[in-house]
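As structure tokens, here come the structures.
Below, chain A partners chain B and then partners chain C, in two separate complexes.
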Partner chain A sequence: MKKNCFSAYHPAVVFLYFAGAAGLCMCSLHPYYVLVSYLCGAVLLGISCGLRRVFRQVLATLAVVAVTAAVNGLTGGLGLTVLFYLGGTPVTWESVFYGLCSGGMLAAVLQWFACYQRIMTGDKFLELFGRGFPTVSMMLSMVFRYIPDMLGKGREIRAAQKALTGGKSGGKREQMKEGVRLASVLMNWSMENSMETADSMQAREYGKGPRSRYIHERMSRGDYRAALILAALLIVSAFGVFGKASEFVFYPFLGGMEAGICFLPVYGLYLLIPALLEGKELIWWMRLR
Partner chain B sequence: MDALEVKQFGFTYAGAGEPALEGLDLNLGTGELALLCGPAGCGKTTLLRCLKQEISPVGERTGAISLHATHIGYVAQSPENQLVMDTVRHELAFGLENLGLLPQVIRRRMAETVNFFGIGPWLGKKVNELSGGQKQILNLAAVTAMQPELLLLDEPTAQLDPIAAGEFLQAVEKIRRELGITVLMSEHRLEEILSGADRVIWMEKGVIKMQGRPGEWAAWMEKQPLPMRGILPAPARIWGRLSETGDSETTCPLSVAQGRIWAAEKANRNKTFACRRPDSAGGISGRDSEARGTVLKAGTVWFRYGRQEDFVLREASLEIFRGEIHVVLGGNGSGKTTFLNLLAGVRKPQRGKIRIQEGLRPAMLTQNPKAMLTADSVQEELEELSERFGYGEKEVDDMLERFRLRDVSGRHPYDLSGGEQQKTALAKLLLLRPDLLLMDEPTKGLDVFAKRELKTVLEELRREGKTVLMVTHDLEFAAEVADRCSMLADGEIVCTDQGKEFFASNLFYTTQTNRMMRGFADRCVVPEDVAYE
Partner chain C sequence: MNKILNCLEPVILLAVPAVLILCTVMGTEYTAVLTLFVAALSMVPFFLRFERRKPRAREMMPPVILAAVAAAGRVLFAAFPSVKPVTAIVIIGGCCFGRQSGFLTGALAALASNLFFGQGPWTPWQMYSWGVTGYLAGLLSDRGMLERTWQMLGFGFCAALLYGWIMDTWYIAGFVSPFTWTGALAAYGAGLPFSLLHGLATTGFLALTTGPWKKKIRRIQSKYGI
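Moving on to the complex of A and B:
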């Protein structure tokens, strides 16, 4: 996986960023805001997952946009600028445009989630939210070890059974029986193993006294600074989204297109922070060379 | 001050009639490295667990154990099952969290531990991505981070390949040498550690038969009957065969280096070594085996696990003749297991062809016999495929007899020892009357006694005309059983040779005997080969 410099920040900072980005994106149907959100999301996706992934994502999301625009255009019925009549019902520019915007919003949200998944990995999430629930986060950690282990064992048993009979498989009934047997062997085996795990836990004094919790990530000064900057930009952008951009109306005519436009650069800046960090790093390395 | 004093200690498991341990007397000095040896079921694990209060078994105790250690570390056999958490970091922190240490203290201890064991490069990994050897080092590190004064290790290298075992034992020696932690370790792989140990404790049937310095113990052991004697490293066994009156016990060599010094001294005193190879019993010579015809032929096989992955096998070719025991040797990651899976038909090669003689029935014994055992008792295990493969009660009975499994036929396969589990799996396999037996690391986790039994079984199979192909790391075992050996390296079969010749023509990748006798009697491969002129 390509190491992203934004992902090196404390999980709280990363989470704040994504919560803000996705939240604002969901709350705004203003066409410029949707467009900015969508494009910035694509940039971040490109940085963290590569161009090929962006290409796939864009193709998939364009389909979403097209479908919502079509559906809304055919069923909306509001708006006054009639484009054409379809079987007697008017298809208006306003309702098609509404479909485009809401589809674009949906596509952008999907994109943000794709980025989130890539950068805010499971262990980061646990690190952040496990703090209040030490037992739960320990159990989750154990489960995360257990599942791949179990799957591996399942494969091993299946291969062993196949090898035992020289790769020949019996009839339908035999195969069914074999599946059941595989499950029971797997259960037995992992039960047996967990007894050893329990011993190992006890041998390391588990349950003797109150546990403390080791925290890998600490908020550093740089993390606080980043959080502060993000929060400031987020508040301004939120004002833009909720206070100004919401003045934009679709029906009966498109109106208020210029509303909140002066907040757009701030919004863009907020969304592009990870990309800017990456760019800064790139320049640094190029100068070094 | 002694770290551990055991006085007349005895232990009987709850509900068992016979005591598992009886009249043990044992003192361990601070900083001592003591090895606990003995045949399977002699009470090694019971003793170790009795010393570790948190996991000590339920039963009746007599005598006294006094420990002068506030914290005791314990590492068991299985690398995987001892791991608790998902990542290396969490695993290291686990024990320290249990002690209730502050986060900054944990951070510091972890950094120290990582440094000491050289874990740095894989600190960020998930535990499932580690190799078996790395997992076991992690277990050791996680325990050592808790600052134990006494370390109890229960056959920690049994599941590891020789290279990983060597690395693990080096880590143990480093702990002892640099931290002065007292170590009590049960172990049957002695070549690496014996010369570094301070003491060997030999147990049989719950009683300490002998304890002393490694040299003394080896000299005593050499006088014991053969299956037991097999536990000694080859240099000690050669010394035992050839030492004369006047050789004091302190000269018993424990490693190849010491063995060569001893051999050089003998040579100086006008003794000449020679290789006396007894006619390999039942073995087949080269021309013979070719005449018997080919049962399996793999021609330039290529294989990889995915489109983006590197090829694991490249141009691997192999020909197996009827009735031979063929051993494929190779280091870690050389593709041995993959190759065997291809030959067994579990996977298909991407290029090349594997031809098995028409009508021939192959069957494979996997590395972990547990994966093959699916029933609730040994008896049921053997009867399981009777309908499908058309064998009856009589055959099952014969098999129980042949593998001496009758006494345990009612037990659950998981309650058996590693050796017994393997015998059960092998018996199950042989009931299907395969003509070609494929074995993956059959000596893994077996002690010398179980290995000896396996050797007998293999020789029987050869007499019956079955063909055996095994892949293994175990050079000493291969040298004893193989008719022909091949070396798999970097995805291809580099060379194939007659069993003993193979080892005699290798330089480093060969048995201890061969390495020790190089320059004195070059052709020697197993201790029994070495003689005076």
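Moving on to the complex of A and C:
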């Protein structure tokens, strides 16, 4: 996995960035805002996961856009620019356009979540929320640890079952039955093992005194500075999204397309900050070489 | 504090669908993000209550294991699309370990298994829906209403439909505008086959596992005293 220089910041800063990006994205249906959010998300995804991943994501999200536009165009009845009639009901340009925008918004949100998953890894999430909910975050990290463990145990059980039954695998029905038996054995085995784990935890004084952490991170001065810059840009963009871009209307005619355009550069700047940091790093590296 | 949280639980659980329906019918702006926020927030009191109980290590284990089995099951059964044992396992968990553990099992299973299948705006909704499924299973079995196998099967089918209904409603609330009944019906209609398949799969899984799993869990409960 490529290390992203934005992910070196404190989890709180990273989380603030993603919460703002996905939140604003979900709140704006203005076509330009949707487009900017989608493109910036693609850039960040490209930086953190590579071009091939972006290509796959774009293909998948285009399908989302098409489906949403079709559903909305065929069922929403408002709007006055009739494109064609389908079985007596008019299909209007405005409702198809609404579907395009809301589908694009959904696609952009999906993209932001894909980036989030890549940069805000499980340990960062726990570092951020583990303080308020020590028990639940402990349980969550145990689930994370048990899943690969169980997949391994599952293979072991399957091998043992195969040895017992002679390795013949029947039709779908038989496979299904095998799967259920596997899950059953898995549950029983892991549950009994986990009791031993629990006793061991108890014996080593689990839950007594303050919890220690694997990664110990403090907000540094750079983190505070980044958080401040992000917050300032976020507030201005939020003003653009809620105050200006919402003047754009779909029905009965598309109107107010130019509303809030002056806030677009700020919005774009906010969304591109990780990419800019990466670019800065790259330029320094070139120069030093 | 605990008493307040206890009384608050059913209210909060009902508030989420209520907000969802209100937002859809009234056509509020920013529905998608508003309802998502409500769903995420609604889970906080449950986690808080569990924290305040300061559970022993042994009490923490059953939801963890069941959630991990459910999440691993999503991977193991990947060959059968929409046959996901999660709903069935969460119901059994709620039934055997009570509503709090049931809720935690569902929420943790959703959050953890999405690591493999991708996090998205659906994560809080899945956490909520599966959490509620576990909670309801615990509630009903406290009242002795899930003793018989047919009751379990019926509840499993209804829970799967409820899960589908919540997910479809969120899609309609956030992404279909203007709200029309034909539009809503079309979206529900598109989701119905998946819901029905999910319901049948859950019923089938419950039919095969309810008896043996309950027996196994009871044995472990009496052996280790949880």
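By our rule, the second predicted complex is superposed on the first by the 206 of 289 C-alpha atoms of A that agree within 3 Å, B and C clash if a C-alpha of one lies under 4 Å from a C-alpha of the other, contacts with A are read in each partner's own complex, and residues count from 1 in each chain.
Following the convention adopted for this analysis, a residue touches a chain if its C-beta (ideal position, glycine included) is under 8 Å from a C-beta of that chain, and two chains touch if they have at least 3 such contacts.
What you are looking at is a predicted structure, and each value in this text was computed from that prediction instead of being measured.
Asks: In the overlaid three-chain picture, which partner chain does A:F144 touch, first (chain B) or second (chain C), both, or neither?
Replies: Touch partners of A:F144: chain B and chain C.
Asks: For A:E156, is the partner it touches chain B (first), chain C (second), both, or none of the two (neither)?
Replies: The first partner, chain B, only.
Asks: Is A:D123 touching the first partner chain B, the second partner chain C, both, or neither of them?
Replies: First partner only, chain B.
Asks: Between chain B and chain C, pick out the one touching the greater number of residues of chain A.
Replies: Ranking chain B and chain C by residues of chain A touched puts C first.
Asks: Taking the superposition as given, does A:S220 touch the first partner, chain B, the second, chain C, both, or neither?
Replies: In the superposition, A:S220 contacts neither chain B nor chain C.
Asks: With the two complexes superposed on chain A, say which partner A:E205 touches: chain B (first), chain C (second), both, or neither.
Replies: In the superposed model, A:E205 contacts chain B only, not chain C.
Asks: Examine A:N188 and indicate which partner it touches, taking first as chain B and second as chain C; both and neither are also allowed.
Replies: both
Asks: Does the superposition put A:M176 against chain B (first), chain C (second), both, or neither?
Replies: In the superposed model, A:M176 contacts chain C only, not chain B.
Asks: I'd like to know which partner A:L164 touches here: chain B for first, chain C for second, both or neither.
Replies: first
Asks: Jot down the residues of chain A that show up as touching in both complexes, chain B in one and chain C in the other.
Replies: Overlap of chain B and chain C footprints on chain A: residues 138, 142, 144, 149, 182, 184, 188, 192, 194, 197, 199, 201-202, 206-207.
Asks: With touch defined as at the start, can you tell me which chain C residues reach chain A in the complex?
Replies: Interface residues on chain C, with respect to chain A: 29-30, 32-33, 36, 47-48, 50-51, 54-58, 60-69, 71-73, 75-77, 79-80, 83, 85, 89, 104, 108-109, 111-113, 115-116, 118-121, 174-178, 180, 182-183, 186-187, 190, 205, 208-209, 212-213, 216-217, 220, 224.
Asks: Would you pull the chain A residues touching chain B in the complex into a rising list?
Replies: Residue positions touching the partner: 123, 138, 141-142, 144-145, 148-149, 152-153, 156-157, 159-167, 170, 174, 181-182, 184-185, 188-189, 192-194, 196-197, 199-216.
Asks: Within their complex, state which residues of chain B touch chain A.
Replies: 52, 54-55, 73-74, 76, 78, 80-87, 89-90, 93-103, 106-107, 110, 126-128, 139, 142-143, 146, 341, 344-346, 361-364, 366, 368, 370-374, 385, 388, 414, 428-429, 432, 434, 438
Asks: List the residues on chain A that touch chain C in their complex, please.
Replies: 22-23, 26-27, 68, 71-72, 74-78, 98, 102-103, 105-106, 109-110, 113-114, 116-117, 122, 133-136, 138-140, 142-144, 146-147, 149-151, 154, 175-177, 179-180, 182-184, 186-188, 190-192, 194-195, 197-199, 201-202, 206-207, 246, 250-251
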